[in-house]
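Quick one: this structure, given as C-alpha cells, is what I'll be asking you about.
The first chain written gets the first letter, and so on, giving A, B, C, D, E, F, G, H, I and J; residue counts start at 1 in each chain.
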Amino acid sequence: MPKPAKQIVEIFPNPAPQRDYVIRHEAPEFTSRCPVTGQPDFGTVIIEYTADKTCVELKSLKLYLQAFREAGIFYEAVTNRILDELVTALAPRWMKVTTNWNPRGGMSSTITAEYTRKQRTARGRQ
Amino acid sequence: MPKPAKQIVEIFPNPAPQRDYVIRHEAPEFTSRCPVTGQPDFGTVIIEYTADKTCVELKSLKLYLQAFREAGIFYEAVTNRILDELVTALAPRWMKVTTNWNPRGGMSSTITAEYTRKQRTARGRQ
Amino acid sequence: MPKPAKQIVEIFPNPAPQRDYVIRHEAPEFTSRCPVTGQPDFGTVIIEYTADKTCVELKSLKLYLQAFREAGIFYEAVTNRILDELVTALAPRWMKVTTNWNPRGGMSSTITAEYTRKQRTARGRQ
Amino acid sequence: MPKPAKQIVEIFPNPAPQRDYVIRHEAPEFTSRCPVTGQPDFGTVIIEYTADKTCVELKSLKLYLQAFREAGIFYEAVTNRILDELVTALAPRWMKVTTNWNPRGGMSSTITAEYTRKQRTARGRQ
Amino acid sequence: MPKPAKQIVEIFPNPAPQRDYVIRHEAPEFTSRCPVTGQPDFGTVIIEYTADKTCVELKSLKLYLQAFREAGIFYEAVTNRILDELVTALAPRWMKVTTNWNPRGGMSSTITAEYTRKQRTARGRQ
Amino acid sequence: MPKPAKQIVEIFPNPAPQRDYVIRHEAPEFTSRCPVTGQPDFGTVIIEYTADKTCVELKSLKLYLQAFREAGIFYEAVTNRILDELVTALAPRWMKVTTNWNPRGGMSSTITAEYTRKQRTARGRQ
Amino acid sequence: MPKPAKQIVEIFPNPAPQRDYVIRHEAPEFTSRCPVTGQPDFGTVIIEYTADKTCVELKSLKLYLQAFREAGIFYEAVTNRILDELVTALAPRWMKVTTNWNPRGGMSSTITAEYTRKQRTARGRQ
Amino acid sequence: MPKPAKQIVEIFPNPAPQRDYVIRHEAPEFTSRCPVTGQPDFGTVIIEYTADKTCVELKSLKLYLQAFREAGIFYEAVTNRILDELVTALAPRWMKVTTNWNPRGGMSSTITAEYTRKQRTARGRQ
Amino acid sequence: MPKPAKQIVEIFPNPAPQRDYVIRHEAPEFTSRCPVTGQPDFGTVIIEYTADKTCVELKSLKLYLQAFREAGIFYEAVTNRILDELVTALAPRWMKVTTNWNPRGGMSSTITAEYTRKQRTARGRQ
Amino acid sequence: MPKPAKQIVEIFPNPAPQRDYVIRHEAPEFTSRCPVTGQPDFGTVIIEYTADKTCVELKSLKLYLQAFREAGIFYEAVTNRILDELVTALAPRWMKVTTNWNPRGGMSSTITAEYTRKQRTARGRQ
C-alpha cells in the first residue's frame, strides 16, 4: 500500500478567537486508491471546524488532500486519518470530517467522524 | 416463499475504535419479490452504523444484499431481518437500516429500523 | 355531502414487535371533492406509524384511500378522519398523517396530525 | 365500461387570428379508470394548439376533462379521443395532445398525438 | 401610503379540537408596494397554525391577502400585521407567519414571526 | 374591463446593428386580472427580440409591464397585445413574446406569439 | 449464459390507426446479468413507437421485460434484441428502444436503437 | 491590503419590538479580493437577526456590502467583521452572518458566525 | 463611463486544426457596472468557439474578463464587444458569446451574439 | 509533460452491425494534470459512437481513461487525442467525444469533438 508524504498544512492566526464560529471547506475533487484492488476511488471531503488560535490556509489544505492521490487506503481509515492529522495541526475547539464516495459495485458510502476538545461547551457546533 | 442462502459478510478491524463515528452505505439496486404475488420489488437499502471492533467489507455486503434477489418477503420483514443479521455479524455500537421502495399501486413506502447497544451513550448517532 | 363506505383495511402481524420502528406509506394519487363547490381536490397522503401487533396491508390501504374519491370533505377533516380510522384499525404505538394539497385559488395547503399512545416512551418517532 | 357524458367546451373568439401563435394548457389533475381492472389512473394532460377562429375557455376545458373521472378507457384511446373532440369543437389550425401517466406495474407511459389542418403551412408549430 | 380595507376572514369550526395538529397554507402570489418608492413587491406568504375552536376558510384567506395589493408597507411590518390580525381573528393555540420576498437590489429577504398562546405546552409545533 | 394607460417604452440605439443577435428579458413578476372574475392572475413574461435600430431600456420596460396590474385581460389577448405594442415601439427584425401563467382551476397555461419582419432572412432566430 | 424463455407480449387493436402518433413506455426496474461476471446489472428501458394495427398491452410488456432477470447479456445485445422482438410482435411503423444503465466501474452507459418501416414517411417520429 | 470606507447603514424603527422574530437578507452578489493574490472572490452573504429597537434599511445594506468590492480580506475575517459592524450599528437581540464562497482551487468554503446578546433567552433563534 | 484597459488574451496553437470542434468556457463571476446608475451588475459569460489556428489560454481569458470590473457598460454593448475583441484576437472559424444577467428591477436578461467566418461550411456549429 | 502508456482497449463484435445505433459511455471520474502548473484537473468524459464491426469493452475503456491520471495535457488536446485513439481502435461509423471540466479560476470548460466516416449517410447520429 502506497503512503502519502507527511504533509504539514500552513496556518494563520484566527481573526476572531473571542468567538466560537464554524468554518467549512468542501473539496469535491478527492481521489485515492482502493487498498485491495489498487483501483482509484473518488469522493468529496468536507472539513468543518471551530478554530481556536489558528485557521488552515486554503492552498496548503488543497495540497495536503492531493497527497492522498496515490495512497491505497480504506474509506474509514482515510476519514479518521484526515481528522487526526488536522486536529494535531490546528488544535481546534471542534472538528468534523465527512467523506462522500462515488458508487462502487452499485453502492455509495459516507463516513462522518467528529472531534470535540474536552473542556469546552457545546456552543460552536452546528 | 423462497429463502436467501445464509450469507456471512466479511469484516475487517475498525481503524478508529477509540471514536464513535458513523459509516453509511447506500445500495440503490436492491430487489426481492412480493411474498403474495411473486412479482419483483425494487428499492434502496441504506445501512448506517457506528462500528465497535469490526467494519463490514463492501463487496461482501453487496453479495449479501444480492442474496435476496429471489426471496419472497414483506418490506417490514426484510428491513428488520437485515438489521438483525448485520447486528449479529458486526456487533456494532449502533445501527439503522432504511429501505425505500418503488411505487406499487401508486404508493411508495419507506421502513426505518434502528438498534442501539444497551450500555452506550447517545453519541455517535446523527 | 357524499360519504365513503365504511372501509376496513386488512392487517398482518408485525414481524418485529420487539422493536419500535417506523413504517411510511406515501400515496400521491389521493382525490376527494370540495364539500362547498363539489369540485375535485387532489393531494398526497403520507401515513407514518410505529406498529404494535399489526401492520396495514398495502393493497387494502390503497382501496381504503380510494373510497374518498367521491367524498365531499374539508382538508382538515379528512386528515383527522384518516388518522382516527387507522388508529382504530391498527392500534399503533404512534401514527402521523400528512396531507399535501394541490393549489386552489393560488394557495397550496398541508395538514399534519399525530397520535401517540399514552403509555409509551418517545422512541420510535423520527 | 362507463362513458363520460357528451361535453361541449365553451369557446371565445381568437383575439389575434391574423397570426399563427401557440396556446398551451397543462392539466396535472387528470384521472380516469383502467378499462380492464376498474382501478383509477392518474396523469397529466397537455393541450397545445394554434387557434383559427376560436379559443377554448379554461373553466369549460377543466369541466370537460373532469368528465373522464369515472370513464374506463385505455391511455392510447383517451389521448386520441381528446384530440378528436377538441379538433371538432375548436377547428384549430394545429393541435397536439400529450398525456403523461403515473407508474403502473413499475412503468410510466406518455402518449402524444397531433393534428394538422390540411391546407396550412408549417408555421405555428413549435 | 395606501391602506388595505379592514378585512375579516371567514372561519369554520375546527373538526378536531381535541388534538393539537398543524395547518399550513402557502400563498405564492402575494404582492404589495414598497412604502418608499411605491414600486410593487412580490413574495410568498406561509401561514402555519394550530387551531383551537376555529379554522380559516381558504377563499376568504385569499381575499384577505389580496387586500394588500395596493398597500405601501415594509416587509417587517406586513409580516407582523398578518400575524396579529389572524391571531385576533382565529384565536389559535399557535401560529407562525413567514414571508419570502423576491430579490430587490440583488438581495432577497425572509421574515418569520411566531405567536404562542400563553398557557399551552410545546406540543403542536413542528 | 379596466385598461392600462398608453405606455411608451424608452429606447436607446442598438450598439451592434451590423449583426443579428438575440436579446431576452424575463419578467417573473407580471400580474393582471381575469376579465371575467376580476381575480388577479400571475405569470412570467419573456420577451426575446433581434433589434434593428433601437433597444428597449429595461426600467421603462418594467414600468410598461406594471401598467397591466389592474387590467382585466385574457391570457391570449395580453400576449398578442404586448407583442404588437413592442413591435410598434421598437421595429425589431424579429420578436417573440411568451407568457407562463400560474395554475387556475388546477391548470397552468403558456402562450407564445412571434413576429418576423417580412424582408429579412432566417438568421437571428434561435 | 442463461436465456430468457420465449415471451409473447399481448396486443390490442390500435384505437387510432388513421393517425401516426407516439406511444412511450418507461420501465425503470429492468435488471439482467453481466455475461462475463454474472453480476446483476440495473437499468431503465424506454420503448417508443408508432403503432400500425396493434398496441402492446402494458402488463404483458412488464412480464416480457422481467424475463431478462436472470439472462446474462451485454448492454448492446439486449437493446437490439428487445427492439427486434417487439418489432416482430407489433409490426410498428416506427420504434426506438433506449436503455440507461447504472454506473459500473464509475461509468454509466446508454444504448439507443431505432427501427423505421421502409415505405413510410418521416411523420410520426418525435 | 485595500480597506473599504467606513460605512454606516441606515436604520428604521422595529415595527414589532414586543416580539422576537427573525429577519433574513440574502445577498448573492458579494465580491471582495483575496488578500494574498489580489484576485477577486465571489460569494453569498446571508444576514439573519432578531431586531431590538431598529431594523436595517435594505438599500443601505446593499451599499455597505458593496464597499468591500476592492477590499483584500480573508473569508474568516470578512465574516466576523460584517457581524461585528452590524451588531454595533443595530444592537440586535441576536444575529448570524453566513458567507458561502465560490470554489477556489477546487474547494468551496462557508463561514458562519453568530452573536447573542447576553441577557436574553434562547427564543428568537431558528 | 469608465473603460477597461486594452487587454490582449494569450493564445496557444490549436492542437487539432484539421477538425472543426467546439470549445466552451463558462465564467459565472463576471461583474461590470450599470452605465446609468454606476451600480454593479453581475452575470455569467459563456464563450463558445471553433478554433482555427489558435486557442485562448484560460488564465488570460479570466484576466481579460476581470478588466470589465469597473467598466460602465450596457448588457447589449458588453456582449458584442467581447465577441468583437475575441474574434480579433483568435480569428476563430465560429464564435458565440452569451451573457446571462442577474435580476434587476425583477427582470433577468440574456444576450446572445454569434460570429461565423465567411468562407466556411456549416459544420462545427452545434 | 508526463505521457500515458500506450493503451489498447479491448473490443468485442458488434451484436447488431446491420443497424446504425448509438452507444454512449459517461465517465465522471476522469483526472489528468495541467501541463503548465502540474496541478490535477478533474472532469467527465462522454464517448458516443455508432459501431461498425466492433464495440469497446467497458473495463478496458475504464483502464484506458485511467492511464491519463498523471498525464500533463491541455483540455483541447486530451479531447482530440481520445477521439483519435478510439477511432483508430474501433473504426466506428461515427464518434463524438465530450469533456466537461470542473471550474478553474472560476471558469468551467467543455470541449466537443466529432468524427464521421467519409462514405456513410447522416443516419445514426442523434
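Everything below uses one rule, namely that a contact is a pair of C-beta atoms (placed from the backbone, for glycine too) under 8 Å apart; a residue touches a chain by one contact, two chains touch by 3 or more.
Since we're looking at a predicted model, the values are computed, not measured.
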Lowest number of touching-chain links that must be crossed from chain E to chain H: 1
Identity of the chain that, by mean CA position, is farthest from chain E: J
Separation of mean Cα positions, chain G and chain A [Å, integer]: 46
Length of the line joining the C-alpha centres of chain B and chain F, rounded to whole Å: 56
Distance between chain centroids, defined by C-alpha means - chain C, chain E (Å): 27
Chain H, residues touching no fewer than two other chains: 28-29, 42, 102, 104, 106
Contacting chain pairs - touch in the sense defined above: A-B, A-G, A-H, A-J, B-C, B-D, B-G, C-D, C-E, C-F, D-F, D-G, E-F, E-H, E-I, F-I, G-J, H-I, H-J, I-J
Touching residues (chain side chain D, partner chain F) in the complex: 12, 14-16, 19, 21-29, 51, 55, 58-59, 61-62, 126
Residue ranges of chain A touching chain B (in the complex, touch as defined): 74-77, 79-80, 104-115
Sites on chain I touched by chain H in the complex: 28-29, 31, 40, 42, 66, 69, 102
Touch list for chain D against partner chain B, complex: 42, 102-104, 106
